[in-house]
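Presented sequentially are two complexes of chain A, the first with chain B as partner and the second with chain C.
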Partner chain A sequence: MAVKRYIFALTLATLLAPSVTSEGQAINQERDKYTLFTMPYNMRPLTLYRGELQVYAGYKFAVRTQSYNSDGDVVQLKNTGTGSVYHYYFVDLKYGVTSFLELAAETNLIRRGIRSESASYIATTLTSTDRISVNKLTEVKGLGDILLMASVRPPIQYRWFDFSVTGGMFLPSSKYEPKQPTNSVVTSSTAANSYTINYHYNYTNGYGVVVYLLSASAKMSVKKFSAEADWTFKTPQKEGKNIRWEETLVDKAFSYYDKTYQYLLSDAYTLNTSLHYQATGWFDINLNGSFEKTNGGWTEYWGNKYTNPETRLVTLEPGFELQISPKLTIYQVAGFPLKGKNSDAPFYLFTTIKFSNFPFLR
Partner chain B sequence: MNISFHIKKLIIIYLILSYAEAAVCQTEKQLLPADIKQQTLVTEPVTLKKGFFRAGTLFNYRIADKYFTDSGKKEYYVTSTWGSTTSYNLTLQYGISDRFQVDLITEYMYTLIENQSTETDAATNISRVVEAKHKGLGLGDTHVSFKYQLMQESKRKVSLTGIFNVSLPTGEKNPTNIKDANQYDLPVGDGTYAAELDFFARSIIYPYSFTGFLGYRYNFEGKKITNTTDMLERKFRYGNHLEGGLSANLLLNEWIVLANELNFYHEGKGEIDNTVTPGMPASWALSYSPGLVFQVKKFRLGESVKVPLKGKNVPADPLYVMMIQYVF
Partner chain C sequence: MFCKKAGTFAVVVISLMIGYSCERTDYELLDPESAGKWTLYTTADGLPGNEVSDIQLDRRNNLWCSFPGYGTASYDYSTWTLYRTATTPLLNDYVNCLAEASDGGIIFGTADGLSVLSENNVWSSYYEPATTLYINTIKVASNGWIWVGTQDQGLYVNDGSGYTKVPIDSYKTVNTIEEGVQDNMFIGTDSGIIRWDGIAYSHITMADGLPDNKVTAMHFDREERLWVGTDAGKSVSWIDRSGIHDLNLMTGTANILVRDIWEDRKGDIWFATSGNGIIRYDGVIPDSFKEYNGFFENKVNCISEDKDGNLWFGLFSKGLVKYTLPIDMK
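Then we have the complex of A and B:
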């Protein structure tokens, strides 16, 4: 009998000894947070968990070597020297109020310069050759509007299917009126009547009016594979007013005045469809197809309203999501334009870092 | 009674052993050669261990969009010109001893400059399109480096490494395939020998590593065609190059490193026919390079962006770098 008691005690000690060690190393709540931080894409719902805060910081470097004309044909911009690059930065703040309601705020900064084809005008006389060269640069620089969003999803645990609806608005917080041009005239040091005119237009970033956003997303996962689709619609609240700078060149000196004009932004539609493969718990590779379209809207020129051209762009975006630590995740996407109309066709690399935390959960 | 005493002893011994096992786990792991080959940018030795061989390739890409003027102002290129530079470096590194490493670096260059403008004759109102296309394609210059650990690294101490680098002008130095002033192929090499001496100091404070470096390159005189209209080879010499930098690398997890580097360089005025020329002015740049380096077993993959912050007479565009390395 005593032997049985001791065998029982030994068995109990055997079972308890490692469990004391392992339990002693973890706090339940911390482990839960860790589980939520490291939840793979194929097991995550479309919105954040309750109390979760995410901060995204991203940078997109786009190389605009070609564009699509109104017939959908490719125009090689780099061959004419009018290719350009643009730098786009964005920050996004998201918070899970509950596990089925998420609030978000987002803004961006853009920097790009578009060169037009240079032109020269030559006047040859018996004694000299005078040349007037003209260069034109259109610069876009500045902070974008602030986008506020709220997303809801069904209050059920995500298993294999999810959907969400997002509503939001762009607040016209940015300085959308263009700054006065900084044109210049550079006189030739070798020929008195030869000079170069550099037109430099300074545009800003922002809509100038409230723009509403409505979006719907759906997601489905089967084992390590997932598919996600989202559709987004943006429309302006009302017509807007802006200024357009006019210039006069007299005796190699520019004078400027501005004129007010009205505009109505085009409606914009975006459809994204992506396929994901969760290679391991911390690495997801994906292929996204994006279709963007704008139509409607008009812009006033000299008292007349001209319809904005309809634009279309189809882009293929292979990418990945890499969890580098429980709180840090990196996303990278490369964009390849496939088809379009009245649109730039940039190749781009978009890198985003995400920081997650549960600020109010100990 | 006797049996129960023995069982009690057994239980006590077992419990002691089960905790002793955990204590044994705290001992320092002995690194095998296979482990050393998998060390990250933060934890690896400054030079390769004896007999280790590392091969790698670097992909560099930059587009000409903005530049720092002579007064240090960042401006766009205003004429309708598209320029890009791509280079593929092949790097071979070998550890001759645990303190001495030799590197061989060569590169394949692809430079493109395209320009188009319209010229209109004011008298006849006839316009013509002027196109210029320059392409530089081919094997560039070669660099041989000898690295020696002057002071070896130990825990929380600083290592000091001296590097002697020789640049060999193996790339084509002259423009080729010249059709006219607007149509020719660009050179892909500097056309001159150069000698460089660098010193690197590094300290590891896990999970960080900090590096400071200072280097000076002396460019020797060379001869090449500097003007495509007269096709004459002239004597030239690039200004000497002083470079320094600070870097702080952080292990984000066991196999990913967040790399940060602040770099400064100054290059003196260049000369053609022993005369200072406006085409080769003195220049300097201060740049910041953030990057991520992934250590996957013996493979190392990295990407970084070198962003010029300030400068004078230098490009102001980011340089994209992708890297793949493997240790044999």
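Then we have the complex of A and C:
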């Protein structure tokens, strides 16, 4: 196994190494930064120009009204009382070291709460009625891990075809262990044997281990039309350890203890294919098809290791790119889930603002 | 020159990342679809009878079950091996309870005394010629002593030198025996709990807060709580260092007969009841599994666990149920 992976790594290095020893396109390229700022999508290479700095800030608002079960059937979450929305923010910083090498750093913030349908436990005897009402809120909140990436492309000027390879890693910089639950008990003032339990679980947003990323992109343009395909693979470096919180209710007061478990994150694959139409120099509309899949990995439960369920999701994403000034561009995408398995199926709106600059170029 | 170095550096970084990305160990993995599933085994699956009075996992990971009237059987997760009086020296086919001795032998508590099957398949037995020794319960303590509770004949103990009757007045029937911390033994009788601390006996009864004096099941959990189930009352008790506590099992019945208590790997406490199915207590809420919500039978005799942490429930008349603990793939 180890030999195979080193052969693979060596082969990749051998294939890519000659490409980076050639002269880059930047040397002969015209360095008028306003021309570069306003370069339309169908004329841009896959990586940044030398010296170009881009800052992305994005916000995704997702409405989670349905999911796909293990048979691929749609489950309406309103029927199970677990519909929710979530908010996803991200920032991305990219810099073109050369016109064929780009470095990037990215992180995100998630805020999401799932309120489950209330349940009641009632026990009635001839002399008394005992009632426990249960509410459950599962909250996921916090910064994600920092993703560092490096992308390379052929050192030739973009005309109608381009491709790039990206390597990166998620550094386990954020908190990944869930915080202690903040459950509460509300006693009924009218019925002595009745009370309400409010579960409040607090999850975080980190992987807990280093996750590697490998991505390959290809782009082709014909006049005002372009097509792009991106394939991304993510895999964890190693197994991780995390905790689960357990609670005990004694005399209407919660006490908590945690249990450690092991896990191996699933490998994740994403394939995006998009068609673009450059309507004007400052407006591009596109239709993206996204296929996401995870498989492999496991999670330990009570001493046994269970395979992580394979997940799949196909999403259609119409969107546009609008350049509102030489340095500012807005991206807007709407996501419509089409098909999936073991996966949430959110509808979402994703808005991103890009700021470009050449900080070291006069 | 800088560009050349930077490009080479990037390629090396990518290659190293891939090279080191497969730091994995192969484990035996379970299918998540198998979690949370109930499976019923009956005589159609090879069981000698559909009444199961006790279940025990031995050190070789075989599951032993006792079938009153039909002897006993061991299960290696593929086939059942049956042991009956017709083919073995078992004292009586009416086997109530069983336990594994510290030497690996299996002890069977029958309606006529004790039978023992050693690891090398040699049978032996203990019975009282002058009286009927109807065995209710067997507990092998951590020091290897074998404690035996009987119907109307009190308590016996074997400290390695043979069985002797423990002389405790007014406690004739022993239903359940459990070991606590520091070698404390708790003996559940029809008249409360007798606690033996190695030197003296003390008593815990309704006057101290038990729901009923007829103690039918006990279990000492990882939190060092002694769970106590009785023949009546709508609750169970647990005893810890701070005293006796009460847990309302929320069954809607005034009296619950608890037949067995078990703590699963997750830490949930399970109660087998006669008439109210099984009840799972997750530390906060007791939740019932009865015939009305899909369980197989309301009368459940016993609970135990196999090598993988699956729970096994012995039913009163409908066989044996296996339950794989549920998982929550968040």
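Keep this in mind: the second predicted complex is superposed on the first by the 323 of 362 C-alpha atoms of A that agree within 3 Å, B and C clash if a C-alpha of one lies under 4 Å from a C-alpha of the other, contacts with A are read in each partner's own complex, and residues count from 1 in each chain.
Everything that follows uses one rule, which is that a residue touches a chain if its C-beta (ideal position, glycine included) is under 8 Å from a C-beta of that chain, and two chains touch if they have at least 3 such contacts.
Note that this is a predicted model, so its numbers are computed, not measured.
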Quick one: classify A:Thr270 as touching chain B (first), chain C (second), both or neither. neither
Which holds for A:Thr80: it touches chain B only (first), chain C only (second), both, or neither? first
Who does A:Ala123 touch here: chain B (first), chain C (second), both, or neither? both
First, second, both or neither for A:Gln180, with chain B first and chain C second: neither
Just checking: does A:Phe100 make contact with chain B only, chain C only, both, or neither of them? Give me first, second, both or neither. second
Just checking: does A:Thr38 make contact with chain B only, chain C only, both, or neither of them? Give me first, second, both or neither. neither
Identify which of chain B and chain C touches the larger number of residues of chain A. C
Using the superposition on chain A described above, determine whether A:Leu137 touches chain B (first), chain C (second), both, or neither. first
Contact residues of chain A, present in both the chain B and the chain C interface: 2, 6, 9-10, 13, 17, 21, 121-124
Contact residues on chain A for chain B in the complex? 2-3, 6-7, 9-10, 13-14, 17-18, 21, 61, 63, 65, 77-85, 113, 115-124, 135, 137, 139, 198, 200, 324-325, 328, 330, 349
Complex contacts: residues of chain B adjacent to chain A: 3-4, 7-8, 10-11, 14-15, 18-19, 22, 63, 65-66, 76-82, 114-123, 252-253, 256, 292, 305, 317-318, 320
Complex contacts: residues of chain C adjacent to chain A: 3-4, 6-8, 10-25, 27-33, 35, 223, 234, 245, 248, 250-254, 264-267, 283-287, 308-309, 325, 327, 329-330
Taking the complex as given, what residues does chain A use to touch chain C? 1-2, 5-6, 8-10, 12-13, 16-17, 19-21, 24, 26, 70, 97-98, 100-101, 121-127, 130, 132, 134, 138, 150-152, 165, 167-169, 197, 203, 212, 214, 235-239, 246-250, 254, 259, 264, 298-299, 301-309
